[in-house]
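Input: structures, listed below.
What follows is a pair of complexes built around subunit A, which joins subunit B in one and subunit C in the other.
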Partner chain A sequence: MRKLPLAFLPWRSLLLALVTLFGVAVISFVLLRVVPGDPIAMMIAPGASQADIAQLRASYGLDRSIPVQFVIWLGHALTGDFGTSISMRQDVTHLIAERLPATIELTLLALLIALVLGIGTAVLSTLSRRRLVGGTIDNANGILLAVPDFVWALAFVVLFGVALPILPISGRVDPRLSIDFATPFTLFESLLRLRLDITFDVLSHMIMPALALALPLAAVILRVLKGALEVEARQDYALLARIRGKSRLRVTLEETLRNALIPTLALTGVQFTFLFGGTVIVERIFAYPGIGNLAIDAVINRDLPLIQGLILTFGLIFILINLAVEASFGLLNPRLRHG
Partner chain B sequence: MVERALPEAAVMATPLAEPAIARRRFAGLLAVFREPRVVFAGGFLLVLLLAAIFAPLVAPHDPLEQDLMLNTLPPAWSADAEPGYVLGTDSLGRDVLSRLIYGTRVAFTVAIVAALAAGLIGTLLGLLSGYFGGWVDAVVSRLIDIWMAFPPVLLSILLVAVIGTGVTSVILAIVVIDWTRFCRVVRSETLQQAKMEYVDAAVTLGTGRGKILLKEVLPNVLPVVVVLLSLEMGIAVIVEAVLSFVGLSVSSDTPTWGGMIAEGRQIIYQAWWVLVFPLVLLTATVLAFNQLGDGVRRLTDPVLRR
Partner chain C sequence: MTSTTRRDFLKVAGAGVVLASFLKGGGAFAADTDTVTIAYNVNLPAFDPTVGPSAVNPTIQAIYRALFDQYVGQKPDLSFEPGLLTDWGWNADKTKVHMTVRDGVKWHDGSAMTPEDVVWSLQRAGDPKTGNPIQFVWSTIDNFQVAGNKITADVKSYDPTLFKWMAFLTGYVMPKAYYQKVGAQGFEQKPVGTGPYMVDEFQSNGFVRLKRNPHYWGDKPAFETVIFKFVTDPTSRVAEVESGGSDVTLQIPYEEYDRLTKGGKFDGTCEPVSDIGMIFINNVPPLLDKNVRLAATHAIDKQAIIKRLLRGYGTPIDTLEAPGYLAYDASIKVPYDPKLAKKLLAASGFSPEKPVKMTIQTTRGYMPKDYEMIQAIVGMWRKVGIEATIEVYEIAKHYELRAADQLAPFAFYNWGNAIGDPATSTGFAMFGPSPHSVWNTDDLDSKIAPLWGEKDEEKRIAGWKAVDKYIAEQAYVLPLLQYAQPIVFRKGLKVTPNQSEALQPTLIAKA
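Coming up: the complex of A and B.
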């Protein structure tokens, strides 16, 4: 009875995560209230009466002190009401909910590409006995580590959008395709509904931004996993398996990879939050309709309710990623399960 | 007996070690030329720095001079190029090469000022926290934890939203976000150095703690800081380019690499060169800062030097 599956969940981290999220909310709220400018003045429709303004001001509690304002704002926020976007005149929650799925699909695709590329290259480089191959991979990876997603994204635009025009350089789906999907998860839903024409079109839009986000992460995974595989290959259990006559490929796949993945996973978690942050600029370059692109519009337009909502959304995502990483430790590393 | 002998041995060791260290430092200076990364990357960055300083002398045209008759001219090696515009012109007929040279000014200003300021704050706090421990370390460590909980992008969006745009804001954002990079490394390095015998020796000689920190520990931590500075300059160049790409850095009448890239992205089908040249220069600069840092690390790390 003691081994309830729920015990795998890092409850302590969950509590800490909530505290962190609250901290993010407080700090961003206070900082954004210090900004000069009256949010109400930008929110009202032209021709509103003084009474309307006063009423709106009171409903947001803007006539009170900042702590009271925060409590009122928190009350609204807990019911999912983040106010109205000033520049787009729409509900902030609605705006974010509409665009978040596009970003989630993009980052998951990027994560998948990064894992396949990073793990694949690390295993290949471990298997090759020639120092030349390993050395070349190390040197190439040194450069890969230094080049940010911003540069990859633009290089892809030039290479595959203009020089060799095989991929679309902006948007998420061809507007000529009529899509009547129930959810904004266009990629997932097209796969589930087997509308492969749409899947193909969405993927052709996503592959360049996803690859730009994936390459820096793949480089980090490669470096950490390669080092960990080298350490594991010198351990007794790996040598024993070799003596028993297992091939290097089988020893790597069946024995060492699993152990080497644990430190790699820890780092991938942190790096995945960076990847998520990278969507801000990469989505901008490809005019991809996600929350990263929305965040830049919000800052350019000084749209405070939208900025606040987006900061909390990003904060929540980062915290969820960290929790997921911690929970998966328990599954991968048996020693932690009996803590 | 042993207890008394140890400090004496340490005291004896200090004057003897002095010339050896000096000799090694001199050898280190010569070794710079054995590390091609440092020579090539450093040389390239030096050329860019000189171009930034002497931009008005080097640039063939005024970077802001518009000539709509000469818009989107291709680079010099194309068939219909105009002489005098080596890398072509943008949609307003401004010379791309001159704008690149002037763009170096913003890039290097941000890189140098932001990296030095972040390095100074981070190193100072890291030294104090690692050497004195106690409540100083508790406060600094907690501060770093809080900072790590805020992902950099989130923080930079928040900062730019609060303090507005401009070079000062970009520098401030980089310093506020990246001081922890220095602080974390310097703190752990100081912790290690503080356990070394030479620190014990200095204590035995009656040297004050502040003096030990500045004269003994700091010189041994400095190589790491130099490496981090170089890497941080690369990061700063990218951050500045990204922020001016989205229009959150300097005003649009100052030429920046990021701003040029943004213009180039819009006319990518008519004039690819407006995007490609600043992108190539940006990438080369970032790689150079990276290789310079890597080279310095190889030169100063005794394990890697062998």
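Coming up: the complex of A and C.
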């Protein structure tokens, strides 16, 4: 079979991404309108007549058939207009754009923690000749894998919020601070502006939710990377390096780790998308103002335009993460760059 | 022996400062004497208190009342007092209304509040295009005339609750000139009111920080700064006050309320509010049988439910009027009497061995112990000969089914009524043409219909009491209890409970 020219690979991925996104839009649009819970029924005033209710339904376009509603919605969505939130009466695009940066910062911090913890402990476990260290890491890893993120979140609230109150348990920043930044990326912008007081305050708010999200992912990284490192260590090139006198540490860091990271990275990419999904509950517990917290409010209020916008946002994030993971394979493994 | 160099010392000191900065956010920062921090149970979706679904959320009124003033004020016991209007009423034949606007009131931007602002606010509220959910009330008056600080208007259709709504949902005066200048989006970015506090900082889904309004016409609030932190998870709210991150919180589980207030570190109040738990009865078989309906009401030991499930916080009720409401009639009683319930069922051919069967719908976790209460009720019913199957649904599904009049024979719900008027409790819940009613029969509708426009207030209230009595005799609805609102606060504070549920900052003071 003839292989596709390299130059077309990203385009094919992008095309597939667009098809996926369209599929997500169609499925979510239809599902949202057939599941129980009529948003108009939640808005009916005490003295409303049937005519008032019909007028209210028409004002949100919900009196049309689902296909017609979808075509209208799609027409607007293609221009970047995802409608107006029913519960907040604000532009959906604006609402999501306002909160997405908080979630991006949180998940990136969680990813960083997971990578450092996962890779660090995997290398340590591989290098350690003591059974005690390896066994302890394996047992701890079992616990990390078994306990879901929201349980960690609740445990951290009790431990570091109440029993030993050293970390704030809600919000993204101390409400007493006035922040007049140009972007909603408070953490990144505070670093760029060298406003370290704000950086530390934001980090103190983020550390518990980020750690809660990171621990299960760190456990996955540890398990996969440890297995991959053990396989790579038995390969000829690794044995040759050892015969040439390189220490186990150098062989691991300079030779085997790079190859072992490829399957780990693939899995991390998939797991990272789950980590984004995990923000829904974890953000709620920490009253963190991101899109996860917003999603719960939207669902409770049956805010169809907002739910639709959020589903597409999550869908887009998942696709972008997968594209990024795909692209990073080429960077890590030059063989994949040559068709 | 190693010596410590100046560089080493600076490194350690620097690390210490960084660590201290990093950890400073956790502790009891809420204990600032001129700031009060409230861990609040709902988000603030929008600042405009007159449009959108959030405008009719009773809990959010606490924030709106901090920023804006109502036409008519309301005391914590639900009685009314002058607000931005110092005088109001109808003429003798109820064809005109008159209002007197308070002098010397200023908007947050320092400009004067005028009668034109009041008229514009009322006209805007009555315009269906603005999306005011209570538009049906405001549109009953028109043709406004202003003379000095006096306003008169024609009554298009008489609504006896008009001035009561002026103290409740969407009854806020908005700044005409400012709103027209900045528009809806501009108003959301920088809201302006006449209330005791002004917006200082707002982080959507995070917090709103308020500063005392130096121009405020009323009593000076106790705190310079008020912070509402939006913490929607009840467990997190409990942790917020325990950690010292917030000074006050509300709407937490009764178990946690008892634990915190009995632990010695916190004070609290848990007083009845204008919110009741009830079971809608639908006029479908087998509940067309009066004996079955009456048996269902007499078989429930409400006091036991409150004592065992709600730790004693709540008041049993037998009509949709809670104590303190205008048409409350203590003489209307539906006693717990399982023997009578059995007898009534036997008259219709049912018994514990041959029970009458139906479905009861309930939410789970929407209201305190809602599902557990229904489980207890089903157990009580089983003993007398009613076998009910519990169906759990989301609150959104309840609204959908209720609007379509497709609820199960029994359906649990809660009903708020912060103006305490029978029209907004019994009226909207039981009148057939209302989109919220579930029991729809002509006998009841014919008794309610004349009361909507009754101009003689004494006659109107007496009429509603008679309707409530009739409903209890016929068992057209199953009232359960009046809820109590748990509020916990740190020692050194004093909180006045508000029967309308709105924990506005002016009700929090230093002890």
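The working rule: the second predicted complex is superposed on the first by the 299 of 339 C-alpha atoms of A that agree within 3 Å, B and C clash if a C-alpha of one lies under 4 Å from a C-alpha of the other, contacts with A are read in each partner's own complex, and residues count from 1 in each chain.
Definition applied: contacts are C-beta pairs under 8 Å (C-beta built on N, C-alpha and C of every residue); 3 or more make two chains touch, one makes a residue touch a chain.
Here the structure is a predicted model, which is why all the values come from computation and not from measurement.
Chemist: Just subunit B (first), just subunit C (second), both, or neither: which does A:Gln55 touch?
Modeler: After superposing on A, A:Gln55 lies in contact with subunit C but is clear of subunit B.
Chemist: After the superposition on A, what does A:Gly161 contact: first (subunit B), second (subunit C), both or neither?
Modeler: both
Chemist: Check whether A:Val151 is in contact with subunit B, with subunit C, with both or with neither, and answer first, second, both or neither.
Modeler: The first partner, subunit B, only.
Chemist: Quick check for you: in the superposed arrangement, does A:Lys226 touch first (subunit B), second (subunit C), both or neither?
Modeler: The answer is neither, since A:Lys226 touches no partner chain.
Chemist: Would you check which partner chain A:Ile143 touches, where first means subunit B only, second means subunit C only, and both and neither mean what they say?
Modeler: After superposing on A, A:Ile143 lies in contact with subunit B but is clear of subunit C.
Chemist: Would you check which partner chain A:Val34 touches, where first means subunit B only, second means subunit C only, and both and neither mean what they say?
Modeler: first
Chemist: Tell me which of subunit B and subunit C touches more residues of subunit A.
Modeler: Touching more of subunit A: C.
Chemist: Name the contact category of A:Ile86: first (subunit B only), second (subunit C only), both, or neither.
Modeler: second
Chemist: I'd like to know which partner A:Arg302 touches here: subunit B for first, subunit C for second, both or neither.
Modeler: In the superposed model, A:Arg302 contacts both subunit B and subunit C.
Chemist: Enumerate the residues of subunit A that count as touching subunit B in its complex and touching subunit C in the other.
Modeler: Touching subunit B in the first complex and subunit C in the second, residues 154, 157-158, 161-162, 169, 284-285, 296, 300, 302 of subunit A appear in both lists.
Chemist: Applying the document's contact rule, which stretches of subunit B touch subunit A when the two form their complex?
Modeler: Contacts found on subunit B: 146, 149-154, 157-158, 160-162, 234, 238, 241-242, 245-248, 261, 265, 268-269, 272, 275-276, 279, 282-283, 286-287, 290-291, 294.
Chemist: Subunit A touches which residues of subunit C in the complex?
Modeler: Interface residues on the subunit C side: 18, 21-29, 32, 35, 37, 39, 43, 45-46, 48, 51-54, 56, 128, 131, 133-137, 188, 200-201, 203-207, 209, 225, 227, 229-233, 235-236, 239-240, 242-245, 393-397, 399-400, 402-404, 424, 428, 433-436.
Chemist: If you look only at subunit A, which of its residues touch subunit C in the complex?
Modeler: That would be residues 36-50, 52-53, 55, 59, 85-90, 95, 98-99, 154, 157-158, 160-162, 165-176, 178, 196-197, 200-201, 203-205, 284-287, 289-290, 293-294, 296-297, 300-302 of subunit A.
Chemist: Which residues, counting only subunit A, touch subunit B once they are in their complex?
Modeler: Spelled out, the residues of subunit A in touch with subunit B are 20, 23-24, 27-28, 31-32, 34-35, 142-143, 145-148, 150-151, 154-155, 157-158, 161-163, 169, 273-274, 276-278, 280-281, 284-285, 295-296, 298-300, 302, 304, 307, 310-311, 314-315, 318.
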